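Please find the structures below.
Same chain, two partners: chain A is paired with chain B first, then with chain C.
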Partner chain A sequence: MSEVTVDAAPDALRVTIDGTTLEVAPGTTILEAAQAAGRWIPTVCFDDRQAPFGACRVCMVAVEGSPRPLPACTTPCGNGMKVETEEPTARRVARTVVELVLSELPEPPEPHTELARVAARLGVDGSRWSGAVHPHEDDFRHPYLALRHELCISCGRCVRACDEIQGAFALTATGRGFEANIVAGLDAGFEESTCVSCGACADTCPTDAISEIGLVAQLERS
Partner chain B sequence: MASATTPEAPATEDRFDRVATTTCGYCGVGCRLETRARDGRVVSIAPALDGPANEGHTCLKGRFAHGFTRSPDRLKTPLIRVDGELRPASWEEALERIVDELTRIKGEHGPDAVAGLASSRATNEDCYAMQRLMRAAIGTNNIDNCSRVCHSPTSFAMRKSFGLSGATGSFSDIDHAEVALLLGVNPTQGHPVVGARIKQAALRGCKLITIDPRRIELADYGAIHLSPRPGTNAAVVLGLSHVIHREGLVDAAFIAERTEGWDAVEELLAGYDPASVEEITGIPAADLEAAALLYGEASSGSLLWGLGVTEHKYGSEVVQLLCNLAMMTGKVGKPGSALLPLRGQNNVQGSSDMGALPDTYTAYRSVEDEDVASQFEAAWGAPLSRHKGMTIPQMFDAAVAGDLKAMYIFGEDVAQTDPDTAHVAAALENLEFLVCQEIFPNETTKFADVVLPASAFLEKEGTFINAERRFQVVEPAIDPPGEARTDFEIIGEVARRLGHEFGWESPWDALDEVARLTPHYAGVSRERLGRSGLQWPVRPDGSDSPTLYDTVFDRPGGRGHFAALPYKAPGDAADDDFPLVLVTGRILQHYNAGTMTRRTGNARLVDRDVLEVHPVDAARLWITDGDKVSVRSRVGRIEVEAKVTDRIEPGHVFTTFHFPETRTNLLVGQSADVNTSCPEYKVIAVDVRPIAEQPSFVPVLADGDGREP
Partner chain C sequence: MSRNLVELIRRHHAVDAPTALDLLKEAMEDHGELTDADRRAAAEASGLPEAAVYGVSTFYDDLLAPRGERHVRVCTGTACFVAAGERPVEELSAGLRLAPGERSADGAVSLAETVCLGFCHSSPAVRVGEEVDAGAGAIERALAGESRPAAEPDWSSLLPEPVLTRPGAWAGLRRALDTLGREGLLAEVEAAEVRGRGGAGFPAGAKWAFAAKAKGDEKFVVANGDEGDPGSYIDKYLMERSPELLLEGMALAGYAVGAGHGFVLCRSEYPASKPALEAAAARAREAGLLGEGILGTDFAFDVTIIEGAGSYVVGEETALLACVQGLRGTVSARPPFPAERGVYGMPTVVNNVETLANIPFVAARGAEAYRALSPDSETAGSKLVCFNERFARPSVYEVPFGMTVRELCEDVAGGLRDGHQIKAVQIGGPLGGILPASLLDTVFDFDALAEVGCMVGHGSILAFDETADMRDVARHLLRFGADESCGKCFPCRIGMRRAYEEFATDAPVDRARFEALLETLELGSLCAHGSGIPAPMRSLLTHFPDELGLR
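What follows is the complex of A and B.
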């Protein structure tokens, strides 16, 4: 057993992550505690510049006493809580979610993308399910920002980056289920929206659905 | 692509062959950037997640506008003027010409016939080298930098009121402020990352008071917006102070224990009741009262200002009045209560801190101070002048008068950005010898005798200091193109050939020298700066200063100084011949002279300067959106496209100066700040009228001839 101390304070909570006990401030999430303990938890919809969202269900962990896995990004630590990050059921959920996400893409995500790296680390290579994939629909009108709708997994990170970091409120989630996607403004493209071209959306996107035109060109060249 | 849980993001992805962490060269926010290059080209820039000023965010300039580095227009070889034409030359020829001419002019007319300009876009080490070149190798204090034309009034005033020339706190104070008062600053355009931070703070409940002749974007997120007539800021601040005093919201204990000079201010404030202030500023008295109560009643409040305060005839006095406002309410030196001047260019703070000013060595120590001067004399092994040199406007006047014979300008396009373009052109024309050290040919290089190809911020190493006094490391993302060299290297070579050896191997040696010779920067070193930088003063043990004046002010006696300064009318005013007041400024997509941003995809987003006109004025002047209009001031005339918008108040027009073809600064006259000669770019009386390219009325032809009317 090792001990790590984070923000030790009189009201600190003691939480055990994979056998490591830490003291954390009230309000600390399991994900933050795990990071402090040096443990990796897979995430897809999470970006620590944004408020936790809890949508993707990839960051599932087992918590002693809980009948089912819990999302690490939105679950606050409780005193005496014992967390297992690699508990088999939780990991099976995470893998299945990633696999389902991949099954909708017309081609596997580029290896440098966050989704591809999470999938690789979880040992997910491809999907057992075949079926409908998103049709190619690319918007290259903006001088810098490419929007490739077929790569969107509706994680909402771009929308939150636009709202919570830049405050431009230019991106919107549209559609439901398989049709869910992201549009700039009223789907008239970035330039016709309130977009200020800051690129926070491209920076956070885990699949390159929104990415830099220059990088797209770079990929095509190489 | 970035979150703390990203599994082992490789330091160098195979898509890139060179990565670096550097500091942005666009604006004074000082975003830390991760640069990725391949085959000598920058291919991508991302914000550093641990950047203290940007916290994982940046704007379209920092992130995307790097394409200028590989523009075909880049200067790649030295140019020298032969038979009236600039032609490519070797470095040897160019340097020889510089040394010959500077030596000749110095011999014939003395060292004060030569002047140099350092650049607020360049590194501290470049600027320090430049002032040492002028002072030690030439022997003159004729060295200045472009902060003269933007924030010199801020520097002057904050030294007078508090002691040090810099923000009293940090950008993080915005997150903790109950109220933020923004005067003459438009952060979502000029300082986008701080603008986004302010907007987020406002969405969380921070009450914004925005004061600007234009209804800036943040006004839509604020508690109240005041639109004063341009040039009446002093009356606005005095009016706010009046109400706060009248309502008993002054911090008497703070005033008694920490300050001096209050009595005179108290007396002065009596004359600035809201009704009188309304007469001067046009701000409804009730709005002024409401704004004053918001700021006065808050437990913490920050003041932010920009060039809308400084670029006026009494700009430095308004900054002093802002300092008064903070002191009388005790809102300085505490979390959430900071005075944050938003600096225009990336290293406005540093270029001045480094002593690239005609009257001061590093950290604003006077050239007339015998102790300081002899310390530099000993360090540099050269005799140093004890009398102040010329400011930029004085240099141009002296050149026109024939007293100044040579200038060495690096990183500033004075012929586009300085006021009264015709006067600047006459000055440059009249010089016997002009050296420009630049990355692109520009309006100023047209007058040059020698042009040296230099480096952009993405190609050099050293440090910048951002608007919160933070020294941050600059690392090269790529190498300079062709035969271009770094500014640091060039200035050192010129000094060497003039017989003065700096003795530095790299910019880091220069930084060490700055630290050795400057108590306020004593603890600064490359190692200590690390990834997050340090906010000066930096003590010898390396501890820094996020907040200033928490216990004492940096003045003799430790007390802050209240300055009793009344409102005085601006240098220019609308009249029958010039009925509108023009305000100039910049926009999000472009950066000042536009030298860099015009050569990137940003030019596809915005490709021209426009004149903002209020619908009421537009209707009266028969101007419709998109019309080409003529704008005439007392000193010049330009043509520009009109944009009809209610962001601006009736009676006022606004334009930018990003495109050289517009030549906006032809309109700006000689009026300038009384203390620092910072030009009055913000109040220019103009006459605007449409240019009738088409007849304004085309008679409709009779039906039946088959033609459209």
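What follows is the complex of A and C.
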């Protein structure tokens, strides 16, 4: 047991994360508190530059008194809350979700991607599920940005980057259910949309569904 | 929900701009399909970015299937499935030579699937244009171009004096404005312990208290009329037969929390609901019951009736708010709750249609009278239940809580028709547990049903008879679950598809793997769609394991 104090304020809340008690400001999420306490919680749809989204459900943690695991990214801390980040049920759900994500991709994610790194750290190296995968559909019309729909896991990070960071509103989620994906503009490619080529979408993408085409690749293609 | 998009919508609404969804629906009505020109025009007029409009146009069923001059929509809801299996889709496909989602080359006819038309009392149901035909011969008549509107059975009440199955009289609003006052009304609704009738059972008074305390330049009331649960046609009856009761309930909610405007979101699958509500609202304005200076006081409240566009998950409250604002009907994580941030980012009360229809009685007669409506139960108020076509007397009935499911099925609905036997009943919609015949003596109430893995839900009681194949039932429910997943959270978006795939072929189901999916859906999903579907699946695993083809 240890104690960490972060900016103790009169209205601060005391939360305990894996045995470490700390004080946080009201509105702090469990994920933020855990990071302050130096604990790792796996995430896929989270980017600290964006508002929490709560889609991937990989950041599930156990909270004392809650009958079910809670998502750390969208759950605010409450005073006296006790959180266990590696509680077996919460972790089992997180691992199963990552397995499901691997099962929707036509090929395993490249090792450098955030998805691959989260899967590896959770010890998920394959999937119990096969079945439908996203069909190959690659859009290389833009000179610097490649959009590979088959790698999209609908985490919404690119759409939010375009909305919240750049304000270009060039991207949207499309379809629904398993067929959900993303497009730029009216699905006529980045260049025909309001995209300003800032690259914020590629920077945040956890799977290379949107990636920057490097100079060498550009030369090779030309 | 994107705060930036909501702010854009709020600013455009302030200058009376229509929503993108309304404009896309109009384009579909006008020329039967959407073009990029339609999307650009909708973006321009609504103020929504083009990409966001594109996203909306790919989300809703009504915007996806191209329409011919004669647009045939075949109901694939659970009641129709129980009555006729895959036959309606197969026969219409064969007869029209169209797969669902296709239009004939000459544009004369088109076929689409729809869930559900709310004619569960007379399955199978087919909609041609704005008319719904149902019952024996409906498929054949649709093929012959001879569809005719189906009759809907009258509703009735088992209570000494009906509370819900009656026309609204506005006595509750009069008493609230004359005697109770805002605080008094809120106290009355909290004391009445009105539990939400849309599925979750959350106390309406608590929601109102949050919204009353929330700070905002404006506040709103939203009536959830998106009764998407296949097998349920209760809110349909309320909106079409007693629209005044709903409007009065909304005005009371507005008065209690300080809201000046309300929205009803009704389903496009119920073409008669919006006209009925609009006619009732016009009569109420005429009578000084809606609008400015209601009943000679300084209270002002008015309503807008909105029609959805085909999406089950829009019945979830955050998705409902997205749809009201013309966005994709996807679920948002809470907090923030609608009571803090709802329509246009303002505090909003969201209540189900039946919940709001309970409020006029509470306001007129008080919490004590309301709590006494179900003498044999701790639960306050009465409940509307409805039955599917398998029953001898299917319709909507107002009943007290505390009767057994057997009494409801046998005494109220007359048992099954033609000497059939109940094998099981699914209560409260596709996310409700399935009760086998051996447990029919369970009491119809929140706690008693929860003990056997079931729920009151929306109040539909849908019977499977002795001929039902429970593996087919599982496949039907999981296909519905996968088709209707909004695609936001990963457990539901992928897990529901994988669960359906377990049953999609005749191959044995891997029980351990299926149970892992159910756990992940139940504990991981963002909303009740994904977390609810495990309930009927667990019922089937418990009561009918031998029929599921498990290994």
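To be clear about the criterion, the second predicted complex is superposed on the first by the 214 of 222 C-alpha atoms of A that agree within 3 Å, B and C clash if a C-alpha of one lies under 4 Å from a C-alpha of the other, contacts with A are read in each partner's own complex, and residues count from 1 in each chain.
Simple rule for what comes next: contacts are C-beta pairs under 8 Å (C-beta built on N, C-alpha and C of every residue); 3 or more make two chains touch, one makes a residue touch a chain.
All values derive from a computational prediction rather than experimental measurement.
Shared-chain residue A:171: touches chain C; no touch with chain B. For chain A, the partner that touches more of its residues is C, with chain B and chain C as the two candidates.
Of the two partner chains, neither chain B nor chain C is touched by A:116. Residue contacts after overlaying the shared chain place A:83 against neither chain B nor chain C. Looking at the shared chain after the overlay, A:210 reaches neither chain B nor chain C.
After overlaying the two complexes on the shared chain, residue contacts for A:147 are found with neither chain B nor chain C.
When the shared chain is aligned, chain B comes close enough to touch A:40, but chain C does not.
Shared-chain residue A:93: touches chain C; no touch with chain B. By the document's definition of touching, of the two partners only chain C reaches A:74; chain B does not. Shared interface residues of chain A (contacting chain B in one complex, chain C in the other): 164, 167. Those residues of chain B that touch chain A in the shared complex are 1-9, 13, 15, 38, 43-44, 46-47, 49, 55-60, 63-64, 188, 192, 196, 199-200, 203, 588-589, 601-602, 604-605. Against chain B, in their complex, chain A makes its touches with residues 31, 35, 40-43, 46-49, 59, 112-114, 117-118, 120-121, 143-144, 164-167, 191, 196-200, 203-206, 212, 214-215, 218-219, 222. The part of chain A that touches chain C in the complex is made up of residues 44-45, 51-58, 60, 68-69, 71, 74, 76, 89, 92-93, 96-97, 100-101, 103-104, 128-129, 131-132, 153-154, 156, 160, 163-164, 167, 169-180, 183-188, 193-194. Chain contact summary for the complex, chain C toward chain A: residues 2-5, 36, 39-40, 49-52, 54-55, 58-59, 311, 328, 330, 332-335, 482-491, 493-498, 501, 513, 516-517, 519-520, 522-526.
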